[in-house]
């Protein structure tokens, strides 16, 4: 009788290789599926390894450009920071990975999908809920959460099942990485009073080691999309990767954050997001001159909700669809160029211009070119301050000379 | 017959000295009132000058500690940034200045209050509305807005009225300053594509000129109040002033912002807030470990409203009273120490601890000390993901194999 | 030399007829433009009258269906109530009227637009700002605001200019009306302690006079659009007009509201919105079973902003465009039928069903058919309550047996 | 050896009587604790029954006044409606019941607390999380959730353990009740298309049976507290109970709602809240004339969060403490009298007045008494509409005659 097929999110490392064996032992035909969202993986090698350790099929997919266009871009346009600090590295790639796993599962007629998230992190929620959103009929397996093995137990299981075990010592950290950044937790980082050691970082240099001269770049936006870096037209994935190197060289994008996980605990995380940090700063700067005040002031409410939904694994939800429709419409005027100075960990927007800039020098100026009608201000203040005045008068009458703010 | 008395917000400079003459010519007895909120003024000299140029009384008040305690502190605890960028320098001092002007006016039996704001800025609104809130019966005079003089006309008027005119060329900038920072506009800054020149800054060095070695400091908080800098207990005003020098030396706190004014235009502003930037960053960091997630996630909504009210001149309003009651209550657990690295324009919180930290290493750890119940996660995800699953099933049933997110 | 042309929003009444004369005397060629948004106007008669009192052109436009589709529908789908009470009668028609006035002005080569709003209401803002949004080059005239005439002065001017003056006494009320409802202010209503007299109402009966038997109707929605009333397919304008009669007969839709005007004062208004009240209630009810919880909970934030923008005359704004994109996307699943009982002023949704209802009886039931996994609840509560527990433990440890909520 | 003591939330009915036996059989000494929050219980009889069916102690507490003052009042002042519809009946009493259970447990040295909530409702979360907030060291037992018995199994267990079984047939409904209202679910109500039958209601008459004459009442507020009903000074609990009878007689307060439960499903509920409905309507009406516009417009955001926290079982949380501090401060001006007409299910506020009303007839009037400065409106509109105008001009220049709203 044919075995049930399962698609496994496969990275090529020890953990997911062991998972192939475990799922096979559980009776599945395993389809290993490795998706590159910008970790710089050697896809061919991983494909072979998947087969070598027991998968019946090994699928590898370069999803960098799709990740950039469909996930990083909305996050950028939404200024999506979780808790005003974390630009959503892992959380952002999960929906795309889930989407591809589901597509592969449907293509190969699989009945189940497996991932290897631990039972105390956010990612298990994002995978499980994402899969339920796109394929509620699919069974979900999570060997890590189910076995709850120690490192030693895992190595023993690997040896018993002929999985090669790397000889070098395991990193003390737990790392996840993609185009938009790199997330790091565990080890010494679990003490929130301890400084993150140098080896916790990988994509950015220490400020001390950054160049002593600033680097000036320009980023051009069309309808909210960064389309050029220094006048060079680039696909979004390419632009991000190129900018990441430049910004990382200047020590930009390190984040040290104690955050509230979805599953009820606080955790301390170290993020590195060189390109994302620059793009988020520049995009806000071009919005400052192209968005009308009312839009400028309401958009952050939408942004916060988007960041929360992404973090909480609800990318595939009717609310997200509606929020993204808002964001998309909001970007129609976000055109222009920002000149940014990168220097010693700093991202400094020094100049910005746009064909549809709402900054009007003739209105803003204090020189003789002034076109602002200063007489109007008196009328404005009179009506704007009228509720305050009525309130003060009413309360003064009530209380003699005191007023309501004592 | 006795003349009507008027209290004038007096700075000692040419503009407000001319205003004394103008108000005198209009028939008032002028009471000059100079309030120090941290500009480092020579109050005695200003007092004398006020009398010299025609005031009948000259009052000077050191309000630095009151400003720190009653205005900077709530702004700090509210992480009050206007448009997520500007920590509210001028806007923050206006209510205190208005409050003192009103107190002086009542003490001296004045019937009017004068300030010298231009007719196209936010400050005129803040003064006028603030005065109406505290003393709606008071007449308001604004010589600048009324005369709308050019520099030349002002100098002519000064000469005619015996006001000494400084011989040095006027700064191209319009500057306002206090404990919490320094605001600069006009001149070349009116071109948002132009970089702010070196002479636009005063309280911070260029990053290039900042020390090549980082400086590590600690800030201790008690119920949300910064009480110690490097283990030294200081009054809040003293702590801010001391920290400002340290942070300014490291090039910290420069902000280049195109903002939406209350009165309908965009303007480009350069701010310098060395101490405020460090305190705001550190305070958020200590909140990260001491505030419960739900409070952490709702507080920003209150913060944004407070920032808007301050910017919009509505400090004295029933809404502000209610918002500040929220903030005050929210601070009862905000205790602890943050270790901050100041380096080349960067404020890096490297460590944080609190006697009532909600970060629980035994829950967060991935080591054997783990006390987190991983089994619970399955139940959590099941119910948390249930709406998603039902939605997917309903829409799958409706549409064959497609779902609602296509 | 050819005179400048001006388009006047013309109603056929005394006020706007006098305005034709006034504008003519000011040197304009006046184009009277009467737009029917559901007041039940006799357009042909008004057209003639416009010419009779001096207009060079008289244009009449039936805009009822456009008003229903493009303005009432978004308001319905946004549950747009100003201050949670007023379903935006006048505010809703202003943008459409402005849009048509601008179109007519451009068609006839007019250089100015005139309306007759008073200088203390919201409508002047809505007209002026709306015109600036669509045709910033257009001059705006407002004879009422400029002349500020008493009733007697107006009648004198009418007589001098050959405008017929109606012999019956003027209504004590100021009324505005359209498909979505009827607004009434002035007269005795200015005393907020006085009950609104019977003659303040027109489109609904007193509850006392409503039938003693309820009437059961059904309303069918497709993607958030009410498409059928009692199984009869109707255009939206027709559906609203038909429902208005039915609901008005049952005394439905009377609102007595003291509201905060845009221009700084509170005013007391009487509204009658029979159809709107029923539709808004039924639409919310069908959303209750078709919208996912997260969308259900965020949508009110968008709704409140839309209501404020409409009230504040900012329909034509980039923020509105973005908000409406959100609303439009949110409606894709809003299909189904609501059964509504209309009875003595009450709108009671008694039943609702949808092909894509998310209400799942097998999950919700307490009978043996129950499919809900009750074991999952324990895990859910454990993680959901974890922050609360950690907070309690930390504060208990700190304070002996007391905790943070004393 | 002494047995562990457990405190059980006891109602005197079959379910909780069986729970006494079950907990006893599990080895506990059971302390039955019956708390009256307004169900009209016969406390003495319940006390005896608790002992009769096996409790070692039987404690009864009349908590009506505490419930009114400490829970109903904040809910009233917060206009706390879950999903804009349900005024939080059960959710509101849970924190008080938990608080008393914990107090009793501490007084008697109990180590555990028991409640009898089902495993698929919200109440289990409210009890469990509430207990963890106040006494995280306490063990929690839930016999219903653990045994998951059918009706037959429960009756068998009762008989085996000598618990008297009532002979009348069990109600098809699941009902919970207190001062603030009555909640009803299950049975036919599980079909959201079915009308709620007459026997689903208890505290209000059908509109048909309500008097054919309206009843006019007045409610007086002091600092947001309803202190008088028809000029009679009453304690809050007494006022609520008296008003409940009056309003119920007029068919007021019936709510038919499909809501989103905390635990991931939608459920259909029937509520009856006669007094609450009247008080919530009248309180909003008195706020309309006493609260300043900015407070009026922000308060609903706080209100929504409070309603969510109550519904979600997070009454005892730092966020709730902060939100209630906001609400408390917001009420300082909420003084005055509302005249309300109760008629055929309708609550109609017909008049309102306050010693500190902000409604100013001299500003609002259109008569000759008008004190509003209509000239100011022009200046106001100019600046208020300036961003719109600049936006239009910029986009017109870019696109010929088109603008940004096409």
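To keep things simple, chains are lettered A, B, C and D as they appear, and every chain counts its residues starting from 1.
Following the convention adopted for this analysis, contacts are C-beta pairs under 8 Å (C-beta built on N, C-alpha and C of every residue); 3 or more make two chains touch, one makes a residue touch a chain.
All of these numbers come straight from a predicted model, not from anything done at the bench.
Under the contact definition, subunit A and subunit B share the contacting chains C, D. Of the two chain pairs considered here, B-C and C-D, the higher C-beta contact count falls to C-D. Checking A-B, B-C or B-D against A-D, more than half of the residue-numbered contact pairs recur only at B-C.
Annotation: 39 Å between the Cα-based centres of subunit B and subunit C. Between subunit C and subunit D the centroid-to-centroid distance comes to 30 Å (mean Cα coordinates, whole Å). Looking at subunit A, residues 260, 263-265, 292-294, 314, 317-318, 321, 332-333, 357-358, 360, 363, 375, 377-378, 380, 383-388, 390-391, 404 sit in touch with two or more other chains.
Against subunit B, in their complex, subunit D makes its touches with residues 260, 263-265, 291-292, 294-295, 298-299, 301-302, 305, 309, 314, 317-319, 321-323, 325-330, 332-333, 383-387, 390. Across the complex, subunit A is touched by residues 83-84, 106, 118-120, 124-125, 128-129, 132-137, 145, 148, 150, 174, 185-186, 190-196, 207-208, 212, 214, 254, 256-260, 263-268, 284-285, 288-289, 293, 296-297, 300, 304, 308, 314, 316-318, 321, 339, 343-346, 348-353, 357-361, 363-368, 370, 372, 374-375, 377-378, 380-381, 384-385, 388-389, 391-393, 396, 401, 403-405 of subunit B. On subunit A, the positions that touch subunit D within their shared complex are 292-294, 332-333, 355-358, 360, 363, 373, 375-380, 382-384, 386-388, 390-391, 394-395, 398, 404.
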